[in-house]
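In this document, chain identifiers A, B and C correspond to the written order of the chains, with residue numbering beginning at 1 in each.
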Amino acid sequence: MVRQQLKTSLRVIFLLAALITVLFPLVWIALASFKTAPQLNDPSLLFFEPSLVNWKFVLEAGILQAAGRSAFVATVTVAISAVVGSVAAYVISTYKTGGSATKFGILAAQVLPPAVLVFPFLTLSYVLGVNDTLIPLIFAHLSFVLPVVTWFLIGFFDSVPRSLEEQARVDGFTRFKAFLLVVMPQVYPGLGAAIIFGFTLSWNDMFYGLILTPPNSTILPVAIAGFNTFRGVELGSMSAAILVAVVPVVIASFFIQKRLVQGISGGAVKY
Amino acid sequence: MKVNPTATRNTSRRFTLWMLLPLLAVAGVAVGLPLVYTLYLSLTDFSLIQQGVAGFVGFDNYWQSFTNQALWNAIGTTGTYVFIAVSFETAIGLMIALALQKQRWARDFTRSMLLAPMFITPIAVGLTFRFLLNDQLGAIPYLLDQVGLSYDFLGSGNALFTLAMIDVWQWTPFMVLLLLAGLESVPKQPLEAARVDGAGSFYIFRRITLPLLTPILSVAILLRSLDALKVFEYVYATTRGGPGTETETIQYFTYQTGIQFFRLGEASAMAFILLAIVLPLIVVLFRRLESKA
Amino acid sequence: MKKNLMKVLAVAGSTMLIASGCATGTGVQEESSGTGEVAQETAATVRILMEAVPDTDIVQSLISEFNVEYPNITVEIETLGFDQMRDRLIASFQSSASTYDLIVADNPWMDDFAPAGFLEALDERIANTPDFDHDDFFAPLREIADVDGVTYGVPFYNYALGYLYNQKSLEQAGVTVPTTLEELVETSKALTTNGQTGLAMQPQRGYKIFEEWANFLFAAGGSIYNEDGTGALDSPEAEAALEAYIDLHNNAAPENSLNWAFDEAFRSVSTGQSAAMVSYNWNLPALNSPDSGDFAGSFKLAPMPGGKQVLGSWSWAIPSNSAAPDAAWAFVSWLTSKQIDVERMIAGGAAVRQSSLQNKTLIAEGFGADYYEAIAAILSNAAPLSEGASGEEMIQAVGTELSKAVSGTKSVKDALADANAAINEIQG
C-alpha cells in the first residue's frame, strides 16, 4: 500500500516537473505580451502593471486575418490528408498494397529541404495560373502532412488484429464497410493524434508560406516572424502573436482528444 | 457459400487499388512533381539570378557537392543533433505518456497543456529561447545566477546541445501525443491477464506493453527523426550556423547555397545526395525495428 | 501498376520541364523609356516591396504628400523583415509576370541583380530629371548603385556604422572617445567595471561579425581588397585587428555573448549594462528616445576610431519587368529630391544627400547639430564589405572564418589565410 502511494507521488511529481518545464517559457511569453519595451529587458520582472500596447499593435497589424488564413489552409490540408491517408494506410497495412516503394516513396518530400522544394511549387503555380490563391500553399503543405498522417495511421492499423476484420467479413460486411465500421473506429486515437499533428505541421510552416502566398495575404507564422525586424526583435508584439497562435490550438486539441482519443470504448470485439 | 477464388482475388485487387488511388493522385502532384523537377534542377547550373532556361551540366553538381567537405560536416552535425534530440524525446516522452495514462484527475487539462509547445511556429520558439537564454536579458541565466552558476548556452562546444534541448522542449509533446494514443490502443486483455498472474509492473511493461507498442514507437521515432533532420529555424534564430560551423545543419547549408548564394542547381543536388543517404537508412532501420516486434 | 506509375510521372515531369522553360526568367527585358520628368496626370499603381525598418514607415507617411503632386498614382507598400523580404524578392524575379514595380536593393545584391538583367538602367532618367543633382548624394552611396559604369539605383538610406557610446559612462571612467584602435581597446577595458562591460560586441557568425570586425580592420590601417581586387586579409594589419577584436571579446565584452547580434548588443547598451557598441549611425535617436529606458538622452555618436567605417546602403531600383516604371520613377525622384529628403530626415530618416546634412531647418528641428556632423564625417569615409558579384557568399565565408578565430577553434593566422583564400576563390 505504501509502495503504491510512493509510486503515485513519484508519478505526480514527475508530471508536475514536466508541466513546469513546458509551461515556464509559455508563462514568460504570456507575461512578455503585456510588458512594454524597457520592461522586457529586465529578466527578473514578475509583477508589473500590464500594458495592452502589444496586443493593440498586433491586432491592428492584422494578426487575426493571418490566423484565419492559416486555419483555413491547415484545415483543408488535414481534411484531405485524413481522408486520403486513412483509406490508403488501411490497405498498405492490411494488404501491403503498393509495397515498399509507395510506403517509403511518399516520405521522399519529407527528407528534401523546403529551401529546394519551394521553387518547383512556385514554378508550377505560375504555370497553372493559381499563384494568386492559397492553392499552391495547400499542395506544398500536403507534401509533408499527407505522408505523416498516412504513416501515423499505418502504424495504428498495424496494431489492429486481423481477426476483427475477418469476423466482420464472416458477419456479412463488405470490405469497405468492414473497414469503415469495424476497423476504422479502432484507430480513432491514432486518427486524433494524426489530425492534431498534421494541423500543427501546417499551422507552423513558415517557409512555404513566405514564398507561395499572394502579396498581402500573409499567414500566421510569417506574421510572427515579421516581428524580427531590423531594429531588433519586437518581443512584446511577438509574444502576443505567439499566444494568438497557441491558445486556440490548445483548446481545439483538448476537444479533439476528448472526442476521438477517449472514444474507443464499444465496438471492439472481445477475443 | 462457395466463392470463385479468382473473382475474390480480383475484387480484392480492385478494392485495394481504389483505396490507394487517392493517395497516389494527391502524392503524385504534391510529392512526385516537385521531386522530378528538383531532380531536373540538380542536373543543371540553374542560378536564381539568371534569365532563361538553365544549362544542362549532368552530374557536375553531384560531384561538386560530394567532394565538398562543408556538406559532410553539415550532415555530421545534423546527424549528431538528431540522435541527441530524438533519444531524449523518446525516453522522456515515453515516461510522460506512461505517467499520463495512469493519471486520474486533471488528466485532459494536463494533456492539452503539455502539447502546447508543439503549436508555436519554430522560428518563434528559436527567438524566444534566444532571449530566455541571453546572459543579460534572459530569465534562465538569471535564475542560474541566483545559485551562482554561469553557462555559455550558445558558446563554442555547447551550442549544438542547447539547440537539441530546444528541440526536446518543443517536440517531446509530439512523442507524448503519439505514444499516449498508442498506449490507449493497446489491447488491455494481455495486460490484465499478466497482472492477474502476479507479474510486476516493470515486467509487464518490458515484456507486454513495449512489444505491443513497437509499431507505433517505430513510426514515432521515424517521423520525429525525419523532421529533426530538417532543423533550420532554431539555427537561424540563434546562431546562424556558428560558432564557426558548429551548428551548421544541412537545411541551413542548403538554404544558404540555394537561396542566399543563388546556386539552386547545386542545392538541389545536395538535397538528392541527402535523400540517397537517408532513404535507404530509413528502410533498413525500419525493417529492423519491425522484425523485432 | 508500378510501371504505369512511372509512365505517368515521366509524362508529367517532361511537361513540367517544357512549361518551366517558358515560366522561369523575368521575361523580355523592357527598354527603359528614359523619362525623367513624369507627367503629373500619370495614372498607375506602384507596388513596392520594402524592408520593415523605421525609414520605411517614414516613406509610408510621405505618400499622402506625394499624392498632392501626383493624384493618380497609387502607391502600395508591402513590408517584410530583411531575410523574408530578400527571399520573396528573389522568388519574384523567377516569375514571368511582374510582382513589384519598385524595389529596394541591398548593396551586395546590386552586383548580382544588374548583370542578371533584373534592373532597369537609370542614367537617362537621372539626366532628364531637372534639379536632381545626382552628385549631391554621398560618393560611397552612389558608387554602390553603379555597376560597371551604369547607374541602377538611387540611394534610399545608408547604414554606415559608428561608435555609439554612453557619455556618462565615459565621463565616470575618465576616458575620452577613442580615435585609434589601441585607444579603442584601452578605453573599452577601462570602461569595464563591475556593473558594466566596455563594449557590447556582435560576434555572431556570418554577416554580423564581419560587419563589426571590418571597422577594426580599417582602424588598423588595413583593407578588405587590394588595388587589383584580390583579397587583402593576409596582412599584418588584419592580424592586429583580429587580435584586438579577440582581446576585447575576452576582456571587455559581456560574458557568454559569442552568438550576439544587433538585438542583444542594443538592449545591453540601452539598459546600461554595456557602455558602448559599434552600430548603425541612425540608431542614436532610438537609444535616446524617452521611452527606451533609464539611460535615454546620455548616448552619443562618434566616427569609428581611425576615421574609416563600414557602410551598407539600400538603393531604390526599378525591376526590368515593372508594370509601371514611369510612375515608379515619379515616386523615387520625388522622394529623393532635395526638399523631400530634408523632410524625410527631420522625421528620422537616414542620410543620403550631403546638402541635407547642412540644411538649417534640419539642424534646428532634428536630432542635434553634432549628430549630423558625425554622420557627415562617417559618410565621407566609408566602404562596403563586398565589391563585385557573389557578395553574400564572400561575406558568409569570411564571417565563418572570423567566428572560428573568435571562438578559439582556429588560429588568427589560419583563419585570415582561409578567409583571404575564400575571397579570391569566390570573387576572383
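One rule holds for everything that comes next: a residue touches a chain if its C-beta (ideal position, glycine included) is under 8 Å from a C-beta of that chain, and two chains touch if they have at least 3 such contacts.
Values in this document were obtained by computation on a predicted structure and should not be read as measured data.
Enquirer: State the chain with the largest centre-to-centre distance from chain B, centres being mean CA positions.
Expert: Most distant chain from chain B: C.
Enquirer: Out of A-C and A-B, which chain pair has the most contact pairs?
Expert: Per the contact counts, A-B leads.
Enquirer: When the C-alpha atoms of chain A and chain C are each averaged to a single point, how far apart are the two points in Å?
Expert: 38
Enquirer: What whole-Å value do you get for the distance between chain A and chain B if each is reduced to the mean of its CA atoms?
Expert: Averaging C-alpha atoms per chain gives centres 14 Å apart.
Enquirer: Which chain A residues reach two or more other chains?
Expert: As it turns out, chain A has residues touching two or more other chains at 41-42, 98, 119-120, 123-124, 225, 228, 233.
Enquirer: Which parts of chain C, given as residue numbers and ranges, touch two or more other chains?
Expert: Within chain C, residues 1, 16, 20, 24, 87, 94, 267, 271 contact more than one other chain.
Enquirer: Using the touch rule from the top of the page, what residues of chain B touch 2 or more other chains?
Expert: Within chain B, residues 17, 24, 33, 37, 130, 136-137, 141, 259 contact more than one other chain.
Enquirer: Which part of chain A faces chain C closely enough to touch in the complex?
Expert: Touch residues, chain A against chain C: 36-38, 41-42, 98-99, 101, 118-120, 122-124, 126-127, 131, 210-211, 215-216, 222, 225-226, 228-233.
Enquirer: Can you list the chain B residues touching chain A in their complex?
Expert: Those residues of chain B that touch chain A are 11-12, 15-17, 19-20, 22-24, 26-27, 29-31, 33-35, 37-38, 41, 92, 95-96, 99-100, 102-103, 108-124, 127-132, 136-139, 141-142, 169, 173-174, 177-178, 180-182, 184-187, 189, 212, 215-216, 218-220, 222-223, 226-227, 229-230, 232-233, 237, 250-251, 254-255, 258-259, 264, 267-268, 270-272, 274-275, 278-279, 282-283.
Enquirer: Write out the stretch or stretches of chain B touching chain C in their complex.
Expert: On the chain B side, the touching residues are 17, 24, 28, 32-33, 36-37, 40, 48-54, 130, 134-137, 141, 150-156, 159, 236, 238-246, 256, 259-262.
Enquirer: Provide the residue numbers of chain A that touch chain B in the complex, in ascending order.
Expert: 11, 14-15, 18-19, 21-23, 25-26, 28-29, 40-44, 80, 83-85, 87-88, 90-92, 95, 97-98, 100, 102, 104-117, 119-121, 123-124, 139-140, 142-143, 146-148, 150-152, 154-156, 158-161, 175-176, 179, 186-187, 189-190, 192-193, 196-197, 200, 203-207, 220-221, 224-225, 228, 233, 235, 238-239, 241-242, 245-246, 249-251, 253-254, 257-258, 261, 264, 270-271
Enquirer: What part of chain C is in contact with chain A in the complex they form?
Expert: Answer in residue numbers: 1-2, 16, 19-20, 22-24, 47, 51-54, 78, 80-82, 84, 87-88, 91, 94-97, 99, 262-263, 266-267, 270-271, 283, 286, 291-294.
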